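Two complexes come next, and they have one chain in common, subunit A, joined by subunit B in the first and subunit C in the second.
Moving on to the complex of A and B:
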């Protein structure tokens, strides 16, 4: 039972984006309700890596917002002294295998430097100083000291506590099944068990499922799931000094067309990511698959991820893999996430579609969302993220 | 890809019973276990089992294990030992790593997961020191490998596992410096507890470990009394000399494989936490995957064997090896024996917990796929 029936804002989805949104709205004095279909960490935010990665961002709004988000995380570490957020600043390196990749990366790094990111290219010898265990096939790497990481679970737990402290409500196992426009201009949100709550503002933070929520109000939200599978190791002593990615990770992310043309990755979009958690387990990834909403791990993908890891870092042969997970990155067509109010549905906001960067971008997304809901005047550049940028392929009826 | 009709993961009492039942019905069965000997927990149970006559009460676990193995051998059931199952995919593919070397992918028409349970750990300062171990691990050391884990042992937990392992440690020549229990009363059956008490072992109720101390391994343990809200009572600390701390603090079903395969879960504190949903035929929410034994809720070897028989029977029936009427009659007989095992003060709770799982499955939107 939901004890009150009326709220300033109802947030749909308790992933890291929904919780960040609720938290910042709460700071602005809004009475919020969060409705979540599953349990804590049910979506992508409970099945992902932990990186706040700046090196991977194309210069532009994503990079700018990532800087701001990192700053908010740093502030969180200072202000939330009672939470262990596992925030670390290990830095990151992108491993380069071929001269072609080196050319692409050199160009990319130059653009990033021009935009204020502290990143350099290291030659093989320098690279080995940081990463003595990587195999000899790598000819160079990038290095940036700024790449950081944080435990998504810990961040979500911290948001959750603080949302409750200011009187916000959260209901797990409460899927939303319909949204209607009430007579007085407020939204009526109906749960699967038949309860209805009303609110002037509805925030769609349903990640890879945000399109379904859009459908309920007749809005077209082109977000599709890109499945990623990860393997987790036992706790081991540090393997190298920084976290790692392969240049292929960047290429699958920045130029999916190139990867597809090559036909590499066996159609599972395989690339390499390697990060050490605060506890000393490594998260090894990952795939980028179009597999609908099938959440199970697949043998082929796990085998490919493990083979690649052992090929790149041969010493991992001695390490036990203890867990596997799979999550759905909520992906848009143009690589930018969606943040803003829908023009035809006043009071209906979407904050979703962060693909592989939702952890990094959560605080800034929540903060800006709260500013939009409160009607603050905001920078012009944010219109790039507007949900109104998409043209419906066909008319949808709510 | 190699194929089998029925693949069973785990060769404890549940898996062995399932294998015997399915093979008797005419299924081609492959039984897989990570250990180099089948039997699961049974071969370290050198004590006489409790329960009713029909359930081999009064017989030692190890002898029950031997009988099951003989039956399995007579049926020429194929058994892979030293073989870890690392994943189940697409509801019918089983990923096995054999002898820590070779990776094999198998296909099974039916899969029965009987992986048992794992011991719970409790955390206290010094819990990482060598000498702190699960009571089950200590039991394996003394009864299977014939090695004494230490000379002075503190047992944490007074349930059946705690008192049985304490007694077996005494038999093996160790000194048990105490059995501590956080709850205000003892948890084990009277017979087992009395034997340990008669040997002069002190019991401390409402006590927990405050810290384990030692340089390279456990040398002493500080214990402390707790009030009804589990807060330490100041001034009640005692220091005991011990080189080993055994944790008998409950078991948790080993459910990872089932969840990896996509089986829906349900939560049952009485049965040890999250368990895969199943119906009375031991079928999960994923078609063709069955479970049996401690994975479906932590109980006893006797119930594990009956559940194994049920899963073996139902898997065979679903493959057409047993006709419907026959399966019904035999299924009812097994269920009646399970109900009998789940009677009495403790049994009743488990019976109710099981039944609420069965009905949760019927009501869920995530029913069989």
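Moving on to the complex of A and C:
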């Protein structure tokens, strides 16, 4: 039972984006209800790594918003003294294998430096000082001291508690059946269990499922799931001083066309990411697969991810793996997430499509969303993220 | 017979998840906060995220949720099972044919 019938905003999805949105709306005095089809952290926010990675961001709006998001995380660490967020600032390195990759990364690093990111290229000798266990096949690396990480579960739990403290409601295991616009201009949201609530504003924060929600109101939201599989190790002492990625991770993320053109038996979008959680387990990734909504882990991916890890860091052959996970990265066509109000559906907002950047960008997404809902005057650059930038392939009737 | 307060405190310190050292008090606090499935309690407390992946504590967590919330035990699904069945060294795939 939902104990009241009308809200200022109903948020669909209690992943880290939905919870951040509800939290910031709550801070602005809005009465919010969060409806989540699954349980706590059941979707992509609970099946990802923990990175707040600045180095992976394209210069432009993603990088600029990542700086702001990191600042909001630092503020959370200061203000939420009663939460252990496992926020760590270990820095990050991108491992470079070939002279071709080195050329691409030198150019990319220069662009990032021009955009205010403190990042450099290290030669092999310098790299080994930070990463003595990395295999000799790597010829260089990048290094940035700013890359950080945070526990997604802890952040989500922190948001949950604070949403409730300001009177917000959250209902798990409550999928939505339909959304209709009433004559008075408010939205009626009906749950599958048959309850209906009305709200001035609906926020679609359904991640990889945001397109389905859009369909309910006749809006075209081109988000597709890209499956990412990861392996979790037992707790071990630190292997190297920073978290790691491969240059291929960057290429897979920034130029998927190049990886596909390459072929190289990489039909699962394999690239390397290696991050140590606050608890001492390593999260090793990952794949980027077009696999619909099939959430099972595959033996092929497990084998490929682990072989690559042992190849890159041979000492890992002695380390046990204890778990595999899979999550759907909500991907857009142009690599930018979606944030804003739909022009043809006043009061209906989408905040989704962050692909692999959801943890990093959650606080700033929630904050800007709340400012949009409250009608604050915002920077012109945010129109890049507007849901109205897509042309529907065919007219959808909700 | 009522327990002495001292014994009561000790009981709350009993470890339900030995791998991740999660106590009875931690589990009960999570349930009271509204985490009322085995998966949700796991994601809140880490109970079941360790070496045994909940093989030891999963049923006890389900029982505690049932007792505290009144949800029938048979309605509480176990936590999602995923590979590997037991911890295995990552070197195991060396020399193995491709999947």
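Note that the second predicted complex is superposed on the first by the 397 of 398 C-alpha atoms of A that agree within 3 Å, B and C clash if a C-alpha of one lies under 4 Å from a C-alpha of the other, contacts with A are read in each partner's own complex, and residues count from 1 in each chain.
As a working rule, contacts are C-beta pairs under 8 Å (C-beta built on N, C-alpha and C of every residue); 3 or more make two chains touch, one makes a residue touch a chain.
Just so it is clear, the model here is predicted, and its values are computed rather than measured.
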Subunit A as common anchor, with subunit B and subunit C clashing or fitting: clash
Partner chain in contact with A:324 - subunit B first, subunit C second, else both or neither: both
Touching partner for A:46 - first (subunit B), second (subunit C), both, neither: second
Which of subunit B and subunit C A:233 touches, first, second, both or neither: second
Subunit A: partner with more touched residues, subunit B or subunit C: C
Partner chain(s) touched by A:299 [first = subunit B, second = subunit C, both, neither]: both
Touched partner set for A:309, first subunit B, second subunit C, both or neither: second
Touched partner set for A:157, first subunit B, second subunit C, both or neither: second
Region of subunit B that runs into subunit C when the structures are aligned on their shared chain, from 150-158, 222-230 or 330-338: 222-230
Contact residues common to both interfaces of subunit A (with subunit B and with subunit C): 297-299, 302-303, 323-324
Subunit C residues within the subunit A interface of the complex: 33, 35, 37, 39-40, 43-44, 46, 49-51, 53, 82-84, 87-94, 96, 98-99
Subunit A - residues contacting subunit B, complex: 295-299, 302-303, 323-324
Residues of subunit B that touch subunit A when the two form their complex: 87, 89-90, 93, 95, 103, 105, 256, 260-262
Subunit C-touching residues of subunit A, taken from the complex the two chains share: 39-42, 46, 153, 157, 161, 172, 233-234, 279, 297-300, 302-304, 306-307, 309-310, 316-325
